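Look at the two complexes coming up: chain A is in both, with chain B in one and chain C in the other.
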Partner chain A sequence: MKVDSLFILLADDDEDDCIFFRDALQEIRAKTDLTIVNDGSQLMQYLDNADNRVPDLVFLDLNMPVLNGINCLVEIRKKSRLKELAIAIYSTSSSDENVEEAFINGANIYIQKPNDFSVLKVILEHVITLNLQYNTSGLKKENFLLNINNIKSDEVSKT
Partner chain B sequence: MKFQFKYDINLACRVILQENLDKIGIPYEISGMTEVQFKGHVSHEEFRKLELSLKKYGIEIIDDPKSVIVQKIKEIIKEIVYLEEKPDNSKISAYIAERMNLSYGHLSKIFSEVTYTSVENFYVLQRVERVKQLITEEKLTCTEVAWKMSYSSVAHLSSQFKKTTGLTPRAFQSIIERRNSSGSSSSQLQSK
Partner chain C sequence: MKFLKPRLPGFVLASALVISIFTLLFAAGISYKQLQMASESEKMVVNSYRISVALQQLDLDTRNAETNQRGYLLTNDSSFLQSYFEAIQKVNQSTSQLDSLMSDNYQQSRLLDTLTSSVAKRINYLNEVLRLNNYKVTSTDTIKSLILKGRELMNISQTYIYDIKNDELKLLKRSEMLHENDIKLPPFLILFIVLFSLFVFIISFYKINSDLKDLAITNNQLLINNELFEHSEQIADISHWYLNIKENELTYSNNLYRLLGCKAGEFEPTFLNFLEFVHPDDRALVVEGNRKILDESLEAQMYYRIIRKDGVERHFRSMGKVISDTFGNKFSIGINADITEQHSKDKLIEEKIADLERSNKQLKTFNHIASHDLQEPVRKVQTFISRISDKELEVIPENVRDYITGIGKAAGRMQKFIEDMLLYSKTSMSDKVYETADLNEILENSKRDLSQLIEEKNVIFNTTSLPTVNAIPFQIQQLFNNLISNAIKYSRQDIVPIITIDSKLALGKDIPNTRDNTEKIYYEISFSDNGIGFEQRYAEKIFDLFFRLHTNSEYSGTGIGLSICKVIVENHRGYIKAESLSKYGSTFSIYLPA
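Moving on to the complex of A and B:
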């Protein structure tokens, strides 16, 4: 159960969001490796290549060119090789329909993109440690659902 | 044909363990949920072979002492969650310390170091996991679950559930049901 570095894959076409994400990830306690792809088809190409390391956690933007987040999600869940893969939707939207659609199609986590760097840090820390628990404590992956939205920066100091 | 199933993860693990241990042919005892004691000498090669064959099932042999402690704490917490008569919330730390025969401060420090989360958080997580199981697999109502899991009230259960998952128990139930009926769930086996 040794905790080696976790492999995180981010699929997002917005360059600023990617940088923001990468910087926040570097500041959390768990050791991580990050790979970034810029659209859905790049993501599927990456995941379909059996030589590539399967990520511990995928962050998926909903609104991407070519193949959007929900399409990717549906494709991923069809593949038995990727059945255990934890998927976090990472989106500016937090509408109930989007959240529900994502969960029903097999997402584990839904995160509304925060604007505040410290909030993002706290969210990533939380999501990554929780994912680790699901992988190391025999918890049922099918019951892994986490919805994070509307977190204000003043709530962050409490966690 | 499509069918739904449920399983007992502990039983599954035990059977896999027994089958693989039997292959070695040295007497052993499974002492506790995650501990095995050999009653004879096991050669290095045999041990390596066991380690490899168990790895296939996601069962890993732990040799780091801190990880062993963390694993034991996790087992105790899981036990508590399944107990009919649970110790009071305020006495969980004392209960764990007594069972481990080590100070709670020491234990909780090691736990956070290895898992990046606290013993308290892990307890809440396990409790909520059990609630999820009870409302989806056993189809219990929140009132029944609150009673069974020694929550002081349904409101307390709902708020802990919401705080941990970001969803209400009702929303969680409905998502799992709709996943199962749409056939996109990974909890289904498909066969032709």
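Moving on to the complex of A and C:
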């Protein structure tokens, strides 16, 4: 187990998306460890097990069978041990209802799954470099939903 | 209806009667007393005159006796003696008469006693002189002295008579004076009393008459109102009942019988008889409602079914309460209304609402599916294509590369459709929260959102200052974005696109093809371009959902954008109009209430 690498946990039931995610993560510069769980209950089991390493960042899909993303989010925020866990919602939908619900229940950022692999890489690179420690006071609704245009202009200015 | 004010109607008349009775009794008493006093005075006067006459008679008789005695003494003629005795008898008569006349006056009767005794003394002297003369034993001197003594006594009794007469005269004068005082007032008083009584009687008569008239008017009004009431009940399918609680007397309005399918008065109005008509399942409810009204004096309302005489089931609504009338009698009153029509309408509305809720729920489900499940495969197709690197594309056959490009474009269009449809349904269904929105600010936001496109096409804007309106800001933003991006999209290749945004005020009646004919003021914001325009006959159709004027190869689109614009202005109770000359640009005007 590499201690200096970032430990990322992905909860997503869609195999294709898991592959895209894993591949994109491998192609970016940052060193990361990825663990994938395929539904909400697996995620909770993993997090509830005290022997497991607490992830630095959780990517949480909303549309999952049995225990969906919002249910997981609510459960996680109830546990004092996981209160400060950084959680990024990672969903196909960007509907107002979903964004609103995720925000209210204490997610740190909301990412809409992009339809372009290169955009996915840009997003992951951006999110990982953000210090997403859950902090209620710093949370703003305006930049909660990640806007790809903003990242792109950031990337452009960096290069 | 104007009711007479409640009052004690008998009070005025009763007081008039009491006043009249007392006045008349008073008048009668006064008159009786006056008459009694008058008769007493008269009696006194008569008595006085009698006494006076009797005194004179006594004086006369005494002198007569003396004259005859002297005549006898001088002549010795026995006829004188005869007359003398007659006169003495008369004196006695007069004395007894006087005695009876003056018996009621103590002072006078004492005076009379003195007079009588002096008269008796004198008679004694007369008799003594006669006796002495008969026996002829006495000297003339003795007789002379006796006669002198008699004259002296005569003078004394004369004085007594004078005294009594004087006294009597005084009494008479006093009584006359009193009498006069008594009698002076009564005629005036009696006249006054009679006039007063007459006045009271006339007033009472007038009062009774006017009360009777009022009563007749009220009765008449009541009759009209009853008719109106009954008529209203028939038209409105309502009816009423009232129960005199003390007498346990129930009254039904005619229409109550009719609502139950009966003729007016067909059965005896009792609660139990009414209960017969109530649907068996609802009887307990009606009994409980009735108990609440009667036992707890609560206002109650109940809904129940009745079965009419002809067997038809109807829905009733009843309301009842307890009231007290002006005499303090308690009544329970109530209204029974046949609400069958309303009930069926309500049921229909309920069903429609349920339908609407169901379809809203379905729409929400659709939205969920569209934003998750429908987007997911499309997104994956695009992602897979994006994973084919440029290097990989170079080594595959050209026709395969074209297929892949085609797949990518189709997936892109699919995604655009889904996004637009979601936007459309969101615009139609979102909560309407109005805020103050500065349209200048919104225009600037649009320019920023579309900056890439604007720079690409070198679009020139001509804008004036825009107003601040009360609106749903994000929707107005969407509206501006759609109109501006449309103007850029349908620009002509050969000239620089110019978009002119203008603002002015317009009256509702001046907006073409609308139902608003009022003086209501609107902001008219127009977006004019120098683009390809469209044929004017499509000016209405272009706002229809999915309506398109161009093929995808000419201009890509979903046919949803302008539909969203229309929904947005309608959400703001405004209008959107399009005007165009084909090939010379178009103008879209939005009208928002000022």
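Observations on the model:
Everything below uses one rule, namely that the second predicted complex is superposed on the first by the 128 of 159 C-alpha atoms of A that agree within 3 Å, B and C clash if a C-alpha of one lies under 4 Å from a C-alpha of the other, contacts with A are read in each partner's own complex, and residues count from 1 in each chain.
We take it that a residue touches a chain if its C-beta (ideal position, glycine included) is under 8 Å from a C-beta of that chain, and two chains touch if they have at least 3 such contacts.
What you see is a predicted model; the values in this text were computed from it and never measured.
In the superposition on chain A, A:54 makes contact with neither chain B nor chain C.
Applying the stated contact rule after C-alpha superposition, one finds that A:94 touches chain C and leaves chain B untouched.
By the touch criterion defined above, A:20 reaches chain C but does not reach chain B. Contacts of A:113 after superposition: chain C is touched, whereas chain B is not reached.
Legend: residue contacts after superposition of the two complexes on their common chain; A:63 is shown touching chain C, with no touch to chain B. Put simply, more of the residues of chain A are touched by B, taking chain B and chain C as the two choices. Chain A has no residue lying at the interface with chain B in one structure and with chain C in the other. Per the touch definition, chain A reaches chain C in the complex via residues 14, 16-17, 20, 23, 62-63, 91-96, 98, 113-120. By the touch criterion stated above, chain B contacts chain A in their complex at residues 9, 13, 60, 62, 64, 67, 70-71, 74, 114-117, 122, 125-126, 129, 132-133, 136, 165-167, 172, 175-176, 178-179, 182, 184-187. Note for the complex: chain A touches chain B at residues 1-3, 29-30, 74, 77, 83-84, 100, 103-106, 110, 125, 128-130, 132-133, 136-143, 145-149.
Those residues of chain C whose C-beta lies close enough to touch chain A in the complex are 367-368, 371-373, 375-376, 378-380, 382-384, 386-387, 411, 415, 422, 426.
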